[in-house]
Amino acid sequence: MTLKQVVNNVAEMPASKKAVVDIKKLSLTFQTADGPVYALSDVDLTIEEGDFVSFIGPSGCGKTTLLRVIADLEQATGGDISINGVSPHEAREQRAYGYVFQAPALLPWRSIERNVTLPLEIMEISKEERIKRAQEALKLVELNGFEKKFPWQLSGGMQQRASIARALSFDADLLLMDEPFGALDEIVRDHLNEQLLKLWARTNKTVAFVTHSIPEAVYLSTKIVVMSPRPGRIIDVIETDFPKDRTLDIRETPEFLEIAHRVREGLRAGHSNDD
Amino acid sequence: MSGQTGPVCVVLIALLVLWYVGAVFMNAPTQIDRYERADQTWTTGQLIEDTLAQERPILPAPHQVAVEMYNTIFAIKITSKRSLVYHSWVTLSSTLLGFGIGTLLGVLLAVGIVHVMTLEKSLMPWVISSQTIPILAIAPMIIVVLGAIGIKGLVPKAVISTYLCFFPVTISMVKGLRSPQVIQLDLMRTYNASKWQTFWQLRLPSAMPFLFASLKVAIAISLVGAIVGELPTGAQAGLGARLLAGSYYGQTIQIWSALLTAAFVAAILVVIVGWCERKVLARMGVKP
Amino acid sequence: MTMKLDKFCLVAAIAALLALIFPLSGIDGDTGKQVAFVGDIPGLAIAMALCVIAGAAFTWLGVRSVKAGIVILAVAVFGCWQAVSVLYDHGVAGYAGLGFWLFILSLWAFVWRGIDVIANFHSLDRGKQHLANVIVPVAFGVWLLFVWEVVVSGFGVPQVLLPPPSMIGERFVNSTDILASDFHQTFVKAVLSGYVMGCGSAFIVAIAVDRVPFLKRGLLPLGNMVSALPIIGVAPIMVMWFGFDWQSKAAVIVIMTFFPMLVNTVTGLNAAGKLEKDLMATYASGYWSTLFRLRLPAAMPFVFNALKINSTLALIGAIVAEFFGTPIVGMGFRISTEVGRMNIDMVWAEIALAALAGTAFYGAVAYIERKATSWHPSFRVRRH
């Protein structure tokens, strides 16, 4: 059933890239009153340095859970996972990643700047340094000028940008994003997608990005991981070769439509398994 | 909120009128009785005038209470035993002492409950169910028992206030310290924040609205505790003592003025707490 | 897994061991001898030895399962029983020495560890989880009673200051007739009638006020303010107006319960959502129809909130009002007179009665609330 075709241009990718996230035979089972729930089953995946990896699938397919396992917010019940060669727990202690949640999760009693400096404060970085880094992070998301505003004074899209700035502020090489634009309207989302791509191209960070939008996944990623529920598993991994400085226009190209079609096929195939 | 001022004033005026009417009707029978015993003829106008000027009326008229309050608040030295300022201060000092200690204890207990699972499961049900117990009933015992071991005056009353304050503050603070959303707690976890960092940066600020809501309840109940605490000591000093002395000697005007003073003190205390709440929350950038 | 020593069990074992060594009791002033020795009391010696053994064993093994928790709780219960028996049957009451208190410390460590294990017990079986959630506070409460008993007896605290719970219990059982008549006077006559009148009238006034927006805006802020005032102070006035008997107490309760009910009902009547109101409007539903089908049901959580607050206020009002004058019966009267006579155990029995009555009253209202507003989100069982 699974579409395990060899993907475009794999051979062209340099083979010596460092693996940032390395997952082998990972599984996670929740015990509930209604019996065990197999949130993740037999997941194998490597995310390499500089990759932009999207996880896509219907709700319940475990894409958010997988991201949370990488972030050490959930613990796997089987298999191996390493982040930069260490366990997720050690990686979290080293503050190896920035995490962006579905909602902005800004602290309402802190100004935008103080929200961005929150992780730096927790990491006990000096005050001047904190403000300098917050300025840089806010500039990256084009929010300079809003430092002294409180979250409620900003629109939803701006709040989410502030939360991205917060994840960028301590300059972790890995960025984990859990449907960050899911609650925003289409136009704002397009705009933020463009900004995110620019940011990725400029900083060369590794990004793991959960979404349920096919165009978003195809537009952003170098690697699309298609997942399926019950049990949560990976059914296809599609690599793309759009240039790093791609624009929204590529969505009209045949290559784009072809990949989008393949993702859709994969999702459909995963679905027919359990109906 | 300016739309409330007018209606509130109208309702207050209506209450005042009702009070006058009530005073006339409630005091009329004794007044008529008095006329008849004196074999005196009387007119309605005279009756109304006299019912509003009795020395020990069943319901004193508002102006009588106002005059009494003026006399005992402004026209008398505040060190005098008849001064309501003196009595208010006696009550207020134990109210504030009890409020301070009670709040501190309540917050500390809440912090313990939130951080120690076992405390939450074992202690919290008792704290919650203690809300349903008429705690004020133990006031006389605390006064007398502490008196028996030589602790008198301010402290026993403050103990009662402390005891009363402590539970609402604990319950609210536990709720407040638990109010951060899962997503916010996860965020702190991704930063590998310690328990204390999470407490100072997330839990405590989130709990502030809950704390202030409970402080308003606590300060009001603390005053009630202090007043009730003054009852068993045999009416020495304080607003509660004024109430009790008034009821012993049938001095209704004195009771009413003590009662209204207590109400004013309570209102002022709650307003002060509310003002602090607004200041603190405004500094925290809460949407006005 | 690295071996970690269980600190609580270690403390328990060491304290119990020291308890065997240090003198159990102080010296009697008359005889100049120690009151009791561990060696003469086999039960206690066994209990202490058990604590040493169990403590040492679980220090190494760790208390990892509920079964282990139950074992140490069982050891603790046996120890508590022996401790109480030593106090009363061997005359240690008032003469407890270091050995005795070390033994209590050991028991404390065991109880805490046992409760700890059960408190952290998670089960998917709702029945078992519920049982654990009940056992923990009950065990904790029983332990507090035990500590109260032992500390008061062990140190020989004069009973005019604080009687031990056993004495209060005895007093409670022996004076049921007095307690029953006090309960009848204060609760059945004053509290119930005042509560029904106060809540009922406020409910009706609230519905009337709700029809007049002007009054609503005037009364709501005042009502909120009044709930912060020491209304209890009207008690002497009510005693003057309505006499010493229960009527004056009921009057105090009416005043105390009126405003919380008024404010909550008025707020509740406005709680129905705009969508639902629009829906009723599309049916051309009249005022009364909307009131009964939408607004009153939506107001129920608020009304019950007031009923619960008032259940506590009513009992407080009645008891405190009795401090200002009563016939020679009633809970408040009994408390103030027995305090005067230094019969503190009777006062505690009366307080226990008040606590029981208050909790039962609140519980009854809460039960009716659960039945009446079971649709409300706050009653939904959380799944995870």
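Here are a few things to note about the model shown:
First chain written, first letter: the chains are A, B and C, and each begins at residue 1.
Rule of thumb we're sticking to: contacts are C-beta pairs under 8 Å (C-beta built on N, C-alpha and C of every residue); 3 or more make two chains touch, one makes a residue touch a chain.
Note that this is a predicted model, so its numbers are computed, not measured.
Taken chain by chain, the contacts link every pair, so each chain touches all the others.
Two chain pairs are in question, A-B and B-C; the one with more C-beta pairs in contact is B-C. Centre-to-centre separation between chain A and chain C, using Cα means, comes to 50 Å.
Separating the centre of chain A from that of chain B, both taken as means of CA atoms, is a distance of 54 Å. Centre-to-centre spacing of chain B and chain C amounts to 23 Å, using the average Cα coordinate of each chain. Within the complex formed with chain A, the chain B residues making contact are 181, 183-184, 186-193, 197, 201-202, 205, 208, 284-287. Interface residues of chain C facing chain B in the complex, by the touch rule stated above, are 112, 115-116, 119-120, 133, 136-137, 139-141, 160-162, 214-222, 225, 227-230, 232-237, 239-241, 311-312, 315-316, 319-320, 323-325, 331-332, 335-336, 339-340, 342, 344, 347-348, 350-351, 354-355, 358-359, 361-363. Contact residues of chain C toward chain A in the complex are 124-126, 383-384. Put simply, chain A touches chain B in their complex at residues 71-73, 92-93, 95, 97-99, 101-103, 105, 107-111, 118-119, 121-123, 150, 152.
Across the interface of their complex, chain C is touched by residues 3-4, 6-12, 58, 117-118, 120-126, 129, 131-138, 140-141, 144-145, 148-149, 216, 220, 223-224, 227-228, 231-232, 239-240, 243-244, 246-247, 250, 252, 255-256, 258-259, 262-263, 266-267, 270 of chain B.
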